[in-house]
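The letters A, B and C name the chains in turn, as written, and every chain counts its residues from 1.
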Amino acid sequence: MQVSYFETARYRVPPAIPAEWPVPPGAYDPETGAEAYQGMVDRVQFVEELGFDWVSLSEHHYSPRILTPNIAVSGSYIAARSKRIKIAVLGPIVSQSNPVQVAEEMAMLDTLSNGRLVFGMLRGTTNEYLTFDLNPAEARERTTEGMELILKAWTEPQPFGWQGRHYQFRTVSVWPRPLQQPLPPTYSLGTSRESCEFAARHHIGLGVSFAPFEIVAKSTRYYREQCRHYGWEPAAEQMIYRANILLADTDEEAHELLEQQRRGAAPFPMRAGVREALLKLDQRNVAGEARSPNVGGVLPTSFYGGPDTVVAQIRRCRDEVGVGVLDLAFQNPGAPDTGRLMRSLELFAEKVLPRIREV
Amino acid sequence: MRVLQKGLIVTQAGDAFREGHVDADGFRIRYMEAGQGPPFVHLHGAGGLRLTRGHDLLSRQFRVIAFEMPGFGASPENDRSRDMPELAATMATATDALGLDQFNLMGTSFGGKTALWLALLQPDRVQALVLEAPAAIRPHGSRPPAGSPEEMARRLFAHPERLAPMPLPDPAVQARQARLTARLRGPDRDADLEGRLPGLVVPTLVLFGTVDRVIPPEMGHFYKELMPNCHLVFVYDAGHAISTDRPEAFVEVVADFIERREAFVISRTDTVIHP
Amino acid sequence: MKVSYFETARYRAPRQLPAQWPVPPAAYDRDAGTQSYHGMVERMQFVEKLGFDWISVSEHHYSPQRLTPNPVVSAAYLAGYAQNIKIAVLGPIVSQSNPVQVAEELAMLDNMLPGRLVVGMLRGITGEYLTYGLNPAEARERTSEAMELVLKAWTEPQPFGWQGRHFRFRTVAVWPRPRQQPHPPTYALGTSRESCEFAARHHLGLGVSYAPFGVIAKATRFYRDACAQCGWQPAPEHVIYRANILISETDTEAEALLDEQRRARQAFPLRAQVRDALLELDIRNVAGEARTPNVGSVLPTNFVGSPDTIVEQIKCCREQSGVGVIDLMFQIPGSADLGFLMRSLELFGTKVLPRIRDV
């Protein structure tokens, strides 16, 4: 089992800051901002030493809780300040980006990090549609087309044009190319049937997140079936499960902290009117079964307890879901106390990591 | 051919086209023509002449002349054309007979190879060359589409389920066409042709659909590498029959290329949202 | 006089490359690519020691000569290694980017540095119009609107919408904010009347490039007049001059090397027909006087000679045009001989830099 540490460049949000998204930028404090990025580097260097395999980043906009609107920028800063750890960008929101630009940036990142890039392509969480005015009805199609264009931009040897439905270019000729050949480890991120099919068709991995084991297991099962249909078998490392983890010294402590957290603020709370409208427009599914989108609310915690309990949960996850990589979010974004976070990380490295390597 | 559009059957494609005949090399060659403007000659694929919405859209800007090559459709069996260059020479004579001096030329699939040979034989007459999913460079072991109408549809179109059922082809015609194309299609990698392509300076546009299940779009870069003035464009979510699957996207880039040749890489899109 | 070293992430192709743009990515060599980013860091550390004030990076796409399609990504990588040198991103081609995204990326970078970022916003050289399909006729307007939107995104304290001609957003609320307030030192790059007027109106600096001193002086004069009309006086540091330099031990040597270089191949050669079409469409001016755009041909070398000669030329430049920052592209005649580059940097750093500080 490989383990990834999910880093959010958390900004220590004072309680006075308004909760609703988007948060007025006037509330930003430059000192706190600089600390957020310094903290990011400190934590990456810490987990690298502890033996984590990857550090992962995500793309979010207009929020103090996750200060990484452009992953390639934070990724390359991290690349300069780390040596061996893989840098997993999970992932650029393809539906609202220029796919050629994503291809260019990620090729740069793979090269300057000496081939440490892991690349995941994301459709985008529901609240993100508001960032760059993406029409939710178009998100699925734009993502699929964007992902194809990115893959083509990395593999087509000659300059080419692209007549898409949503993207049109007369000339695409990306320099540099990624260092890893033919592609960096690439994943389609999302539990939907479309995501699974795309991944199977293009021989790339699948990333699922946050939902309980039984639900994500539906996706990984469907993905594996689809791969067989296309004539291949994915390795365990080609499936990632991003999840929240709350590790404490004992089970009781963990339960208590979890209760505390459940009473805390949601990461991206929206005005009710907007949230309702988005819920109606955003069609999501898990391997074909409809599911309601999460519009900025609190996400479940899949792993919690003392070390023994968490080890058991991880083993169960591997059995039920079949993933070979766990991308762990150690604490909900926005919680100000990072001391506890560091202790959790140490505890994990000491008491959990060695016991799950062969899982 | 009847075309489905958003669930409603609209006008037949090719309604505005008028039939004509010319004589060339002892063949009586049928063609369909519509539109005014610069001449745009089309050489069809192995399935024969079939007018699409792509033709209709092109006829709004060009004088489109879609030939039915000898031996295809209802024309008598062609056992005289020995190879592709000969067929191309015959088609060149046909354009002469129509009084065309210079013209734009498009070839689809099998007809793409014919068009390449025509351009090689008479480069001064071809103003711009468009190759729609050309079959001139193929992976080893490539098979032309065959079988039942359902099997054929699956190979030719990206979303066969979205198209209205097509009239069943006459088995005798199919057999004749299959014999002819088998004789003329040539090897998967044609050293003679490929050896000459570096000398073909006619501006050339090569298009492949990203879901082409007959000729893989990965064949596109060979043309670009071999020809000095060649441009490669992928049409997303289109199959082998690009002009059927996505006629608007197809015609937009083809018409732009005919008009501006290599300058078609410069955008002239208006992105003003409101004045 | 401040001095900036223009770093291009030089790619040293192991084999002769086709000259015409775009160069097929099939010709890309991975090792050469990796080397170019490592080299970037080495050279930065070198010029930092020598006492250069800034290091600058630019945006170029689909190019085997400069591997920086997103200059903020390479700048973030440099930021991971920089000690006290300033990093100047000169500049994102705002006419063909999402301006909100540009604002976000630069704000992230300003927090990582922190406070040592300099920004220049560019309309884009003629050849770049082909990269993402930018209509040349719209370039000027898109640039102006984009620059305004970037500035607004950095400074507006509340979330806002933007009903532009070319850009439309319902919600803009950039996090993080730049660390430097109200925003990093920002320059409008270009000699045109529009650039000068925009810079004057928004209290920005002006960046000019490559033309002879007399031509530059026209633009800077116009700029200063425009600033006066807007009620303020720019300092010398408000004007950057990006220029080519060829420095050698003696004047004769330098002239000889210049000749050698003139015989080397073109910068971004385009097919003749495309170049001609672009020349017709691309309307450029210097402070209102029409000028022909440079479509991919070799740029002039503005500083040539021994250290003594160069010092004189710099003084002359300052007298004529009043620039306060020179952003130098150190020429490598003939081949990609990095040894020559390092020797030039050393020569400049030791024999020129100390003498021009008070110019």
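Note that in this section contacts are C-beta pairs under 8 Å (C-beta built on N, C-alpha and C of every residue); 3 or more make two chains touch, one makes a residue touch a chain.
Keep in mind that this is a model prediction, so the values were computed, not measured.
Q: Centre-to-centre on C-alpha atoms, which chain is most distant from chain A?
A: Using the mean of the C-alpha atoms as each chain's centre, the farthest one from chain A is B.
Q: If you count the C-beta pairs in contact for each pair of chains, which pair comes out on top?
A: Chains A-C share more contact pairs than any other pair.
Q: Could you put a whole-Å number on the gap between the CA centroids of chain B and chain C?
A: Centre separation, chain B to chain C: 46 Å.
Q: Taking each chain's centre as its mean C-alpha position, how far apart are chain A and chain C in Å?
A: Result: the chain centres lie 34 Å from each other.
Q: Taking the mean of the C-alpha atoms as each chain's centre, how many Å separate chain A from chain B?
A: Here the centre of chain B sits 45 Å away from the centre of chain A.
Q: Which residues does chain C have that touch at least 2 chains other than itself?
A: Those would be 24, 26, 130, 133, 168.
Q: Residues of chain A touching 2+ other chains?
A: In chain A, 156-159, 170-171 touch at least two other chains.
Q: If you look at chain B, which of its residues touch at least two other chains?
A: If we look for residues of chain B contacting two or more partner chains, we find 221, 224-225, 265-267.
Q: Enumerate the contact residues on chain A facing chain C in the complex.
A: 11, 22-26, 28, 30, 33-34, 36-37, 41, 61-64, 67-70, 72-81, 98, 100-101, 104-105, 108-109, 111-112, 114, 130-133, 156-159, 168-177, 179, 181
Q: Under the definition above, what is the set of chain B residues touching chain C in their complex?
A: So the residues of chain B touching chain C come out as 221, 224-225, 229, 260-263, 265-275.
Q: Show me the residue ranges of chain B that touch chain A in the complex, using the header's touch definition.
A: So the residues of chain B touching chain A come out as 207, 210, 220-221, 224-225, 231-237, 246, 249-250, 252-253, 264-267.
Q: For the complex, give me every residue of chain C touching chain A.
A: 11, 22-26, 28, 30, 33-34, 36-37, 41, 61-64, 67-70, 72-74, 76-81, 97-98, 100-101, 104-105, 108-109, 111-112, 114, 130-133, 156-159, 168-179, 181
Q: Quick one: which bits of chain A touch chain B in the complex? Just the residue numbers, please.
A: For chain A paired with chain B, touching residues are 145, 148-149, 152, 156-165, 167, 170-171.
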